[in-house]
Structures are given as structure tokens and as C-alpha cells.
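Remarks on the structure that follows.
Chain naming follows the written order as A, B, C, D, E and F, and within any one chain the residues start at number 1.
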Amino acid sequence: MPHRIVCLGELLLRLGAPDRQLLLQTPQFEVHVGGAEANVAVSLARFGHTAAMVSVVPDNALGAAAVGELRRHGVDTGAVVTGPGRMGLYFLATGAIQRPSEVLYDRAHSAFALAAPERFDWDALLTGADAFHLSGVTPALGPGPAAAAQRAIHAARARGLNVSFDGNFRPKLWDAWRGDAPAILRTLMGEADLLFADHRDIAVALGAEFPQVTPAERVIAAAQAAFAAFPALGRLATTIREQHSVDHHTLSALMVTRDGAVHATPAYPLTPIVDRIGAGDAFAAGVLHGRFAGLDDAACLHFGLAAACLKHSLPGDFNLVDVDDVAAFLAQGRFDVRR
Amino acid sequence: MPHRIVCLGELLLRLGAPDRQLLLQTPQFEVHVGGAEANVAVSLARFGHTAAMVSVVPDNALGAAAVGELRRHGVDTGAVVTGPGRMGLYFLATGAIQRPSEVLYDRAHSAFALAAPERFDWDALLTGADAFHLSGVTPALGPGPAAAAQRAIHAARARGLNVSFDGNFRPKLWDAWRGDAPAILRTLMGEADLLFADHRDIAVALGAEFPQVTPAERVIAAAQAAFAAFPALGRLATTIREQHSVDHHTLSALMVTRDGAVHATPAYPLTPIVDRIGAGDAFAAGVLHGRFAGLDDAACLHFGLAAACLKHSLPGDFNLVDVDDVAAFLAQGRFDVRR
Amino acid sequence: MPHRIVCLGELLLRLGAPDRQLLLQTPQFEVHVGGAEANVAVSLARFGHTAAMVSVVPDNALGAAAVGELRRHGVDTGAVVTGPGRMGLYFLATGAIQRPSEVLYDRAHSAFALAAPERFDWDALLTGADAFHLSGVTPALGPGPAAAAQRAIHAARARGLNVSFDGNFRPKLWDAWRGDAPAILRTLMGEADLLFADHRDIAVALGAEFPQVTPAERVIAAAQAAFAAFPALGRLATTIREQHSVDHHTLSALMVTRDGAVHATPAYPLTPIVDRIGAGDAFAAGVLHGRFAGLDDAACLHFGLAAACLKHSLPGDFNLVDVDDVAAFLAQGRFDVRR
Amino acid sequence: MPHRIVCLGELLLRLGAPDRQLLLQTPQFEVHVGGAEANVAVSLARFGHTAAMVSVVPDNALGAAAVGELRRHGVDTGAVVTGPGRMGLYFLATGAIQRPSEVLYDRAHSAFALAAPERFDWDALLTGADAFHLSGVTPALGPGPAAAAQRAIHAARARGLNVSFDGNFRPKLWDAWRGDAPAILRTLMGEADLLFADHRDIAVALGAEFPQVTPAERVIAAAQAAFAAFPALGRLATTIREQHSVDHHTLSALMVTRDGAVHATPAYPLTPIVDRIGAGDAFAAGVLHGRFAGLDDAACLHFGLAAACLKHSLPGDFNLVDVDDVAAFLAQGRFDVRR
Amino acid sequence: MPHRIVCLGELLLRLGAPDRQLLLQTPQFEVHVGGAEANVAVSLARFGHTAAMVSVVPDNALGAAAVGELRRHGVDTGAVVTGPGRMGLYFLATGAIQRPSEVLYDRAHSAFALAAPERFDWDALLTGADAFHLSGVTPALGPGPAAAAQRAIHAARARGLNVSFDGNFRPKLWDAWRGDAPAILRTLMGEADLLFADHRDIAVALGAEFPQVTPAERVIAAAQAAFAAFPALGRLATTIREQHSVDHHTLSALMVTRDGAVHATPAYPLTPIVDRIGAGDAFAAGVLHGRFAGLDDAACLHFGLAAACLKHSLPGDFNLVDVDDVAAFLAQGRFDVRR
Amino acid sequence: MPHRIVCLGELLLRLGAPDRQLLLQTPQFEVHVGGAEANVAVSLARFGHTAAMVSVVPDNALGAAAVGELRRHGVDTGAVVTGPGRMGLYFLATGAIQRPSEVLYDRAHSAFALAAPERFDWDALLTGADAFHLSGVTPALGPGPAAAAQRAIHAARARGLNVSFDGNFRPKLWDAWRGDAPAILRTLMGEADLLFADHRDIAVALGAEFPQVTPAERVIAAAQAAFAAFPALGRLATTIREQHSVDHHTLSALMVTRDGAVHATPAYPLTPIVDRIGAGDAFAAGVLHGRFAGLDDAACLHFGLAAACLKHSLPGDFNLVDVDDVAAFLAQGRFDVRR
């Protein structure tokens, strides 16, 4: 049952201010490794799969540390190579109450962003794989990554792999190099059988609007548009997040399938949130695990949402819970100390 | 009014992951000293009593550190001796939201578990004492501790001391040496005049079931069964905990007396919880203090619950609040900074 | 539009126990710089104004560190001089749930408290200033500071500056030297055109009582008494704080003007609170900024309350948010990560 | 063989900058408890004796923490009482290479300095004691402590106890209240049978000069003057410290006895020094232990020097080594890991 | 040129007191992963080889963390399995000056010690391997590990692999189960072609004495005895450590070959030592790398010594330097910042 | 006597691994602010002068933090502006024994490097200044900074200011944009009256070689060549560093004047070094202070060397000692605790 999943994306170092401080309020950073696809890879590895990361890091101590951290958590890093450029960084001041968390990206000129698409030999990289996963962050990083993403997802589909794509639309990154986001996203979404996306992602790709009243209605309408536009697409899944304060959200999830079925989960309160970064990636990894484990759509969705909820309880970008932790979440609501 | 209370039990080191991390997510442990009876002893010492600990630790820096920490908080450690065996440890990853805290015990082969019951001369140890306290963890640690517990509680009762027993049923510990928990617990409960126990503890001891609908009904039924089974028993008290999430509980308390009186406290919301470990011991110490201070049953119960609530606000196993802190809690609900 | 504001007051070092511990539960202190007027000065500097601090510190590393920290945050410290005496300290154990935070003052014999009022040449110090701000802590520190406060506020008013006074009544400080708080406070309030005060501050100054039922009614009644007593006074503003637990407050604000207008803000929930110290000073700075920026009374009040709310999300005494942060708070309620 | 030793002196909190930083270079303090006589008491307790501390602390969390720390290390704190005044503090920036460590005292107005000499009932306090120890810091703290010191040492001598006095001359403390150091020191030294003092201490007490060339010659000359002036004095012992840099000292010790014997130890290199504070107190405790253990003078001296050397390897004011550690030092020079 | 090396041994967690403190002087532990053979495996992985660890850990978070840390540093952990028993621990108080570091072992009843030798299928485990490495710690852990060690080394030799054995004699471990150290060690040494051992290791195995005057003479004599006793043995290498203080050692190395050649390195001063633990394992890994890289004996020895020296500069049990770092050490003596 | 000195250069954040660890050995960075000219500015500010920094930082929290830190230490930051580009970073792993410290620069694309030279209005910036200081790092950062440096130094000389230039040759930076280092350095050196440079700096600028045997001879020869090439040059000063290990250096200094005088200081041992970064800047600031204070050349040189030595005892890039600290160093060699 364990699957081999290949992920393409940038590795990042998060430099975070401790204890709800502002950046450099005191002169210390806590460091975590992250990256949209890397987060998915780590979570899948913790769920027992073989997750293989394809990436490029600088040939220095920072790149090596990021790779080592993925390896520590069980990711196959054999396809992470080194290249010219810097290590992608981001600085994080975690907020509180009504002060939002702030991310300061410092990822321009990274080794991954500068890598030529020819560096990746997808025939070799996808050999033995069951699935391929990509997020919308990767093509947003520049023309090289955009081309690499397109080559990769095309090769994956051509090989008949499970192909999933997580929208993750980041306008600032696209704007920085004036990338044609709609066109590129359409190419990528067109190759996927499973989309993690909400109505905003679909709106960007299709130049459409989804003015429905409720979030669920908007997602359903967007899914229908996506199924119309992308014949290969089988499912669209997303979390729906309601935010009461920085520390208190409510999370539910929705999946729409090409045959018109709509699956919805209960909504779970999340408070006080420890770390919200990476929850979307945790959701994607959870849904993918459900599929690899042969769960039905509703169960996949619930597994993904449970994984996403648990992520909020863990510091760092990675969702380090395992299958038993998710199962315990789903089985009940016992919250006392486990001895 | 200060009393001399003797407690028998194991000292433990807690090795905790910082900041809601998983164990060894980063390579650091924060250390606290604990142990069910030691927690009671520290709390009683902070309330102004002379609490004397009877225990065995290894003759090394870890054992000495645990003893020193008890002494620091005012416990009389003159009867803590050294012996062969290791220091009992437990590892703690404090959870959050819907991720439960996890305790990983590493206490097998401890100096306390290996100590022969003959090491304790109860005539000498109980001289000058007003009360004796024990929890169900101690007899669960192996045949030696079980025998020592029985000798101790019998000697205490024979001397006419106040004798309290806290159920604290831990099936994993009993299973490890196939101890006859019901028989031993019946012996111990039979010597106590005050039981800290809920319906599960009584069910184990008596082989009974308490299928009533509400927690309060179950506790009252269990208390009635306990009074029938244990002629020396005067009172049974317990907290009732409702868990909304890992960080949000509601706590109330109930006391049933042999004459049929039932005392109940208001329920207090606890959120966000800092550290829930040791709250039951804090409750026991609070009720005991109430008795030593001559409070009536309802006031004892309320004092105990207040102490238990305050424990949730403090890192570590010990309830380091003093009588003034509890009194302030009971007097009102002022929460602003005290200057 | 940036104004030059002069503040007179003591600088303090806060020595705080980390992570909700009791004082010296573990042997470490985290240090912050504070002081009622210094907090206002820092906040105004962060809002883009020139805030000049007038103070006295000891000629040692502690005094220099406090001054350096103000300078770091943009305060003009050219008028902070050195003198005999110690550095004012306070120790803080931040509470949780139902355990209140505790402040242990160790500020007696400070360089500021010992400074002779003649040390301050207000002609020179107020040259170029638009406004002067003082709190009730300063005159409470001893006869020297009380005299200095009176000279300063009188000089400020004589020059036609905006003069604001924040009640901040601390009976323990007044009692320590048997200062005539009502008389001195009346003098100071009599020179202010803007008072930050609630009914308790006014009650002390005027020897009055305000037995109205709701907090708002009490504040309005107190404001009317203040307008009657102090002909120069134009406005009285205050926050109204409801406390549900140590970690959960609700905050709103009220402003009453001489012409009888009453402005009230919505009430904002604050949970879980990171650090409540300095919120009153943050409010004052926010209202003052509103005035300097030409906002109308209602907008000033809302800006001040927003600043006060945001302070609760930041460790330390200083409200380090800037105008954009407050504007984002006021514009909406978006709480997700800003990337 | 364990003795009961009574010590009189102030308890202090050390607030130290971490990692060779300047004070408040980063906003953190590491806290240690100390005090000249408290250091001796802790060391003697670690050597197996009953060391009883007589002191006064404020009735707050800081005073309680200091007392708890002494108790943790085995000191009998039953005679530490509370009184008005503050907790004595000192701030420490540990130096390096050619930058000396700096101590910033903040101990004026302490509870101990303000305590009336009548608070101490020496008849009761010395009952059961074998020895009394005092340092020159105590009388330097003000007229109250000076009177208390004189009463105490006189009572101790009258009871026939071993009486030791450690010079520890601190001119700044004496100057602060214009105490007559020579007269008071002569009174105190006159009651001691064992002096820890070098030629500077004797020079102050006797108004003499010791212009000899080498340190050893100066100490011997001073000892002879002391024996002439103080008929009860039997021995004078001191360390001799040569300083090559802040991190590299050489330490030896000298003892002169009334019968003219001079004992000298080898000189030990100390580099790199971890913490030099409290080494003199460690020496005194080591020599005292030697006497209580019945060692001859040379062995006492060597034991004391070994204890002092080991102190340099330990962070904090206390010399936490035990008799086995000192014995290992003396037995050889094996420096490898002990497994 | 990269080789595949298989190592058999226990994984340990080191729980160390920070900053030269005694154990639990403050309540914190810094954690490192170690183990004699694991240290060799990590170092070889950092030198570019495929080092495969064979071990058993408990099926809990501690075991998983240890495995993850090895994987992070590039070790193949595919053959680390889980089994009943606890995680081996050791506590470390790093010493200073003349206070030796102290190790407190808490490794009894570990999953590795309890593992049956049948758990390891050496045919499978050694497939594809070029070399096998073992230390004397493994057979000392109990009858199971001793049997496993013998089976493994025999299988390795039978397959014609490079077989190295590091003496690492620990009498306390052997005594705990009364293992016949000489007989077992002779079996193991008899299968090795390369021994890391000094005269003490050989003395134990052969029941011989080597009373020569200098360390080098003793090692040479022991090597000759070893060549006589063990026909398969080709080389014996060891470091020679001179200890001036805990912080200052001098290290050199010696290799003796069967043909009588003796290679010696220069002696390098090591001061101030950061962490001496694991230096012997670093030496072994360095010599092994030299052999795999085709260096001659003298160069192998020098490479090994350089690796061992560099280990002293790094916190933790692992020697995390790479080949370039060692080459830089050997090329010269440039010590300035590399930019 | 205090002077106003203008410095032009980049501000950097140092992200350092704690406790002699490798980069990201544990996931934490300690942060310091630095930059060759900023270090000089801070040191001069601590010596009592008005040091004004001219620089460009990004308009984000990192840029603001760097500016705040300079302001904290007394630097006039009124001329630090914001501009497009990132914050310059460098990562530091401090070495030990024979493992050199490693700096990993991540400063490409910084706001300072991207700033157009026209951003700086030197007429305005130099008004009121007495001196201008620049290092060779600034022109090495790219064509913009190189042009800005030339404009600045030319303007400073034209105004008759004291002009100092510190060689600080960094070939990697020049190579990155193929800057014509010799030509540009000659321009800059040609405007200086005081050069901080050794023979390597002069060799680069003049294309010369200085094959003399001793460092002093090489510096003297280089100085003579510099005086010949640069008519405006009056003095050349440099430290001479001998490195025995990473932790143990010996430092002396040499000054050569146009009239042929050669001044040399004693050589000071530095061990164990806390932080060597910024020592050259500390030397420059010390010599400049000497000049501003009217010291003769030998005294200037000795003051500079003392400042440089003291820097080695302080964590961080800045030399935070003041004039009294340097004077104490020069007056003697007393290393004991200052109380």
C-alpha cells in the first residue's frame, strides 16, 4: 500500500521570531525547513509512503541543512541537487489576537528559481513512481521553475501517474517576473486528476468570477467550471477557513467530484492555534494518503481535514503527525493526556 | 494548625519537549520533578504543613536533584534513602487543540520499584505524624511497592492517623507485573478514611459497574458502594473534568460522605491550559489542607477544586500556589495584574 | 504633521519570569524596558512623531541600557540625564487562567525618585515642543518627582502646549511617602486639556464618589465632575475593561467632551492575551496620535482603542506597532498570515 | 564527624549576563543565589555538615526563592526570617581575556541591612552548634549588621565554638555608611581562632603596612602581626592568586599558625575559568571541613585550595562539589571523562 | 571510491547539562544522539560513504528520533528495527579545568541489549557491503549483543569484507552481566584485519601486561602480541592522549603494521576543548576513510588523527566535519575566519 | 573634543550558530548587526563622538531592526534611507581549536548594493562633519557602491575633512562583478590621509609585491610604496596578527608615518577568543578616537590596539567598550573582578 510520490518544489528556511515577538524584537531566530511541496513530502513520508523530493539547493551549509531535515523525516532526497544561487529564506513573525502573522519573503535569486528546466530528467525521476504532486508556488518562482513544472506534470500524466496540483496562488511571486499565471496554471491544472484549489485559484486560471454567497457555493461553482475546462480532472478538494481571530479559526473541507458528488466535513474549531503555516499542505497530504490507502472520497476528505487540523497544534512547517494520530482524531474527541 | 503528613511514593523526573513540540523535534528537554505523592507533599508544604516524603532514589546526581527539588519547596526529605536501580523518568510532549499530550514512561527498574518493603520502618517513619497519604500509583509499581504500601497504610491506620488514598488507577503499570489490582486496592481503600476516587477506581476495586448517566450520578453510586465495602471510609471526593479540547477543560468537584451528604462545587472553565499534569494531586492536597485547617466538607471541597484549577496555570508537576492564592481565587474573580 | 511631544517619567526595567512561570521557578529573567510615560513616548515614536523623554537614570550599565532601548525605538533621549540612586526595577510573573499576574516593585530609591526638581530646565526642555504628557505614576514617586511634575505641567500649559495627563492612580506608591495625592492630582489635572482617567482617578482627586451602575455611567459622571472642577479640561478618555479570566478580556473605550458629547467604541475580545502590561499607555499614545493627525474625537478614540488592543498581542511594555498596523486593525478583521 | 556550623550573612541574587555579554547586551539575566557566608554554608552542607544560615530576607517571591535555593542544597534555613526592606541584588557581566568581570551592586536598603541586631537571639541560634563563621562583608553592610556581627561572634566565642572570620574587605560598602572598619574588624578578628585573610585585611584592621616583596612574605608578616594583636587567634589562611588574564589564574594557598609553622600548597593553573565568584568562600569551607574532619593543618589547607580550584569550573556562586570530588582532585591529576 | 560500510551497535541519547553545569543544576538537558558505532557511521557518511547502521530501538518517539538523526546526517538506517525494551540514555556533565566530565549511564534494559542475536540476518545485511565495523562496547552490553557481535564479525570476515574492531573496553558494562570479556574479545579481534586498540585493550584480551615506559612503547609491544595472537590482523592503530587539564589535551596517533612498520603523527595541542566525546570514533572513521580512499598507512593515520582533533571542536557525539575540513587541517595551520 | 564622523557602508545582519555549533546543527540563530563601517561608527559613538552612518536598507522589519540597533548604541542614523533590494545577511559558524570559523555571505542584491550613487547628496551629508571613514568592502559591493564611495571620499577630501580608509580587501566580492579593484582602490587611497592597511592591501592597489621576511618589514615596505603613490597620505596603520589556533592569537600593531617614523606596540596574547569578528574595525575606531582626542601617534596606535584586543572578549560585531575600558587596559594588567 505505501506509494512512491514525487514532488517538485523549492526548499525554504523559515527564520521565525520566538514567543510571538516581532522580527528581531530580541536577536534570535528559530529555524524551520519548509516549502509547499516539501511539506507534502514530509507528511506523506510520516504516513508511511516513499516521498521523493526533486529540488535544487545551493552547495553550502544551508542547503545541506534543509536536505538533511527532509531526510531526517524520511523523505527520499536523492534527487535534490545543488546549483548556483542562494538559499530561499522567509522570515516569520507569528501574530496573536488581532495582530496577523507576517511573512517576509527573501527567496529571490534562489538556486531553485535559477535552475534551468533541463536539469531535471523526468524519465529517470519518475521511474517507479505512483504519483506526482506540485503546487502553484513552483511555477510562480520564475520562468525556469514554470517550465520545469510544466515538463514534470506533463511527463507524470504521460506515464499514467496520479497527478495532483495545489493552487496556492501567490500574486506577488507572479508579478515579480510578470509571469502569465492564467495560461501557465491552465496548463498545469489541465494535467491534474486531483486539484487542491478554491474558487480564487480557479478564478485566476479561467478568468472567471464566482460571486456566490457562501464559500461552499463558490467552491462548487468553481469546481464545475474546472471540470468543464479540464477534462482530465476528477476531483477538486479544499479547506474552508473561517477566522475569528489570529488564534481562533474554524476549519472544514469540501470535495467535489466530476460526477457531481459533493462531500463536506464537519467544521472543527481551532484555538489557540500554535502554528498555522503548512496546514494547506497537510490537508493535501492527508487527502493523498487517503487515496493511496483506498479510502472513499468522503473518508479521504475527512482524513485530510483531520491532518490539517492537527497541523495547527505543531510548531514548524511540517505536519509531523502519523496515521495513528489522525485516526485517533477521527475516532473520537478524547483530549486527555495519553499515558 | 500545621500538620505533619507522611507520603510514600516514587519520585520521577519529567523530561518535556518545549513549546508544544513533539519529543525531540528540537534537541532539548525541560526538566521537572514529580510523582503523585510527591506532588501532594509539595503542595501541602506550600500550604504551610510539614510534609515528609518516604521514597528511594538512586545514589546519583539525578536522585539527588529530585530530592533537592522537593527540599527546595519545603518538603522534609529526611526519609528519602538511596538504593540500587535507576531514576524513574517520564517524557512528555504537551499537546494542543485536538492533539493530546503524550506521556512516555521510562520508570521500570527504578530504585523505588526495586526497594524491598523491609527498608521502611513505619514505626519510626510515622512517629509524630498526623496523617498519611498514598496514591494508587505506588502499589502499581511492582510487588515490593505494593507490599510497602500495604504495610504503610496499615501502620498509619493502626496509629489512628488521618489516612487518605488517591485511586489513580494505571492499568499499564499493573499489567506489567500482573499485579492483582482489585485485591490490593481493596486492602488499601479499606484502611482509608478519605478516598480521592471516581467511579472507575471503585469499579476496579470492587469489580462493579456504575452505568449511571451523568458523571455525578456515577460517582455517587460508586461512593455508596465504597461506603458499603469499606467500613472505615468516611468521605469520597473527586474532580469531574469535561474536556472540550486539549487546551480547554471545565472542572468541578464532588464529595460524598458516609452520612449521605453530597457536596458539589461550581464548574470552572480552564482555558488556555498551561499544564494539566498534577491537577489531581493538587486537588487532593487542597482537600487535605481544608481538613487540617478545620474547614467543613463543602469548604474543603471548594478549596481543593480551587487548588486544582490554579495548578492548570503553572508549568511543572507541582502546584506551587500558597493559601493566599487559593483564597484569592475563592474570594472573587479578579483577574487583573496585582501590583 | 509629526509632532514633538515631551514626556516626563521614570524608566524601569522589567524582570520577567519566562513561560508563565512563577518568579525564579527557574533561574532566568527576561528583561524589558518600561515606564508609563516611556511607553507612551515609544509608541508615539513608532507612529512617526518626535517623542522626547525627560528622565534621570543611574550612571551605570542598567541606566544606559534603558536609555539605549528607548533610542532604539526612536525616542529622543537627549534629555535623559544621570544622577545618584538606583535603577528602578519591577519583577513580573505573568499569570494564566485564574491566576493573576503579579508585579513586585523594586523601584524605591531610584535615581529618578531622588532627583531634585531643579534638575529640569523646562524652558529649555519644552522649546520646540507641541505637546506634553505625564502620568499619575510620576508624582506618586516622591516629593521630588511630584514637584517636578507640577513645574513641568505648569510650564507646558503656560507655553500653550497640548497637555495630557493619565491618571494611573497607584495608592501604594503614594502611601510610601504619605503624599497628598488628591491635592497634587488636582493641580496636575487642572493643567491638562486631555485626561486619560476613569471614575476612580477622578474620585481620588475630587474626593467624590460615582456610584452609578454601569462603567460607562460612572465614567460619564466622573467626566462631568472633572469638567466642573477643571476649567481647562476639554476631554476625558478611558478604556473599559471586562475581565473573564487572566487570558481573556474585553476592551472598549469611552470619550466624554466638555460639550457633552460621548463617544464609545465597539468592544473587542482579547484572547489569549500575550502581555497586558502597557495597554493603557498604548491607548493614550493612540488617542494622542489621532489628535496630532487631525482625526475627529470618535476616530481618535477608536485609533487609541485599536492600539491598546494590539498591545495585548506583543511581549513587553512597549506597543511596537506602527500606524499601518493600527489602520489594518481598524479597516477590517482579516486575521490570516500576511505574505 | 558532621558538624553543625552557624553562618550569619546576607543572601543575594546574582543577575548575570549570559555568554560573556555585557549587561543587557541582550535582554536576559541568568540568576544565581549567593552571599559570602551563604556560599560557605552551601559548600559545608555539600561536604556533609549541617550548615545553618542566619539571615533576613524580604517577605516576597525573591526572598523565598533565595531561601529555597539554600534549602535545595541542604542548608538549614530555619533561622532565615523575613523583614522590611528589599532583596539584595548584584548584576554581573563576566569578562574575558583582558576585559575584567564587572559587578554592579544593588544591595542598599536590603532587608538584611535594615534588620535590627536584636532580631537575632544568639543563645537560641547557637544551641547545638559546633562552629560559627562570618565574613567581613556582613559588618560592612551598615550599623545594624555590624552590631549583629559583633554580638554573634562574641556569643559564639563565649560558648567555646570554633570561630572563623573571613576578611573580605570591601571599602565601598564601609564608605557608604562611614563605618569604622578598623575598629569593628579588630573586634571581630579578636574573637576568631581561624582567620581567612591576606595582608590587606590585616593592614586595614591594624593600620599597619606589609611592604615585603613577595605575596607569601607579606602574608607571613601580616599573620605575625595578627597573632600579636589577637591572642585568641590560632591560624591564618589565605589563597594567593596570580592573574595572567581574566581567564587564566594560578592559585596557591598559605597557612600560618601561631606556633610559627607555615604551610604552603602547590600552585595550580586555572584556565579557562568558568566562574571565579565564590572561590574564596569555597576555600574557607574547604579548610573548615578539613578541620571538622580532623585533618592536619597542611591537609586542611590543601583540601581548601582544591575546593577553591574546583569552584572555578562551576557556574554560579556556590561550590557544589562534594568530598569525593575534592578527594579525586587531590589524589591525582586524571582529567578524562569519568564513565 | 565511496564504500558501503555496515556497523552494528546501540544508539544512545545523550542528555547533557548546558554550559559546564552539573546535572540538573538548572532544569534543562541538551540532547545529542550517539553510540560508538553510530558515531563512526555518521562520520563515514559525512566523508561520502554509504554507512549502514544495524541496530534495535524501542518503538517510540525516542527511538524514532535517534534514527531520524542518523538519517539526517546521511546514514542508511534501513536496518534499524524496533523491539521491546527502552531507549539507552546517558547523562553528561561536561567538566572544566580540573573537574572531569562525568557520564552517568542509564542504558540497562535497552531494546538493543535485549535483542536476540537471531534478529539479524547477516547474509542479507552484508550484501553489497565493502566493510564491517564494530566496537568493544557492543559485546559488553549483554549476552545477546555479544552473540550478535560474534555472528556479525564472523559473517563479515567470511565474506571477505574489510573488518575493523575498536577495543573500547568498558569494564563496568562487562561486570554488570559477568561477561567473559577476554574470551569474547579474542574471538572478535581474531576476525579483524584492523584493530583500533591500545595496550589496555590487548592486555584485557590476552591477559598480558605491557609494562614499557612510554605510551608508544606499550602500544608497539601490545601490537606485536596482537599480531602473534591474531593471524588475520594486519594493522593496529590508536591515538595517544596526554591530558594537561580537562580543557587541554595533546593528541597524537600511532599505527603498527604486521610487517613491523610503525607510523607516528605529530602531536597536536587541543585547547580549549569543546567536546571530547566521540573523538576515538572520529579517529576510527578517519583511518577507515583513508583506507577506502586508497591512502598509504601514514596518510590514513594522519587523516584519522586530524579527524579526531577536529571532533574536539564540535558539540555532540558526531564528528560532522567533511573531507575538505580534514584536508584543510592537514594542509596547513591557518586558523583565521574563512569568508 | 567629540567629533562628527561620517561613515558610508552596508549594514548586515549576522546569523550565527550558538555555542560553537555548525550552521543549523540545531535550528537556531543568534543575530547581530554589523558591517565594516557600521562597526567603526558604533565604536566611535561609544567613545563619545557623533558618528553618522550613511547607508541604504530595505523598507522592512530587518532593515528597521538594523537601524534601530545602531541607534541604540548611539549612532546618528538620520542618513540611513530605504530602497529596493534585500537585507544583506551573513551566516557565521564560529570555530574552535583547529576548526576555523566560517562566514557564508548572503549579501548579493542588497538594498545598499543596488542603490544608485546619486542617492547620496554629499554636500548635505558632510555638512558639519570633521571626518569621513570608509572601508574597502564598500566599493567591492558593485559598481553603484564603488561610484558612491569615490564620490564620497572625494567630497570629504575637498571639504578638508580627516579622511580614513580601511583596506579590507575581499577578492570574492570584487570578482563577483569583475570590478577593477586596483584602479578603484588607488582612487580611494589617494584621497585618504590615514590608511588602515597591510602589505596585501597595498600590493593589490599598486600591483606591487612585498617579499620581505617579517610582517613588520613587509608593512613598512608597503607603507613606503603607499607614501610614494599617494601624496595626500600621512599615516598607515595596521594590526599584525599571529594565529596559534582558532582560540589563541597574538596581536600587535604598527604605524608608519610619511616622515619615516615607525611606531610599534607590544604584542598581546588573546586566549580564549570570544569573538574575533570586527576587531579590525575596532582598531580603526580606536586609532581615530586617539587622533580626535589629540593623542600622539604612538598613543593613538596603542589605544587602537587596546580597543582591538578588547573586541575579542565581546560577542557580536560591535566593540561596545568605552574609553574607560580602554584606559583600564592600557593602565595596567589587572584582571580581577571589578566590584
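To be clear about the criterion, contacts are C-beta pairs under 8 Å (C-beta built on N, C-alpha and C of every residue); 3 or more make two chains touch, one makes a residue touch a chain.
Since the structure is predicted, the reported quantities are computational estimates derived from the model, not experimental observations.
In summary, the chains found to touch both chain A and chain F are B, C, D, E. By the document's definition of touch, common neighbours of chain B and chain F comprise A, C, D, E. Taken over every residue number at the interface, the positions common to chain B and chain C amount to under half, indicating a different-residue contact. A separation of 45 Å divides the Cα centre of chain A from that of chain C.
Separating the CA-averaged centres of chain C and chain E is a span of 63 Å.
Counting partner chains per residue, chain E shows two or more touched chains at residues 22, 27, 102, 272.
Here chain A touches chain F in the complex through residues 15, 22-24, 27-32, 60-62, 65, 86-87, 89, 91, 93, 102, 104, 106, 108-109, going by the rule given at the top.
Listing the residues of chain F that touch chain C in their complex gives 68-69, 71-74.
The touching residues of chain E, when paired with chain D in their complex, are 19-22, 25, 95-103, 105, 170, 172, 241, 243-249, 272, 276-277.
Residue ranges of chain D in contact with chain E, taken from their complex: 268-274, 309-310, 312-316, 320-321, 325, 328-329, 333-339. Within the complex, the chain A residues that touch chain D are 26-27.
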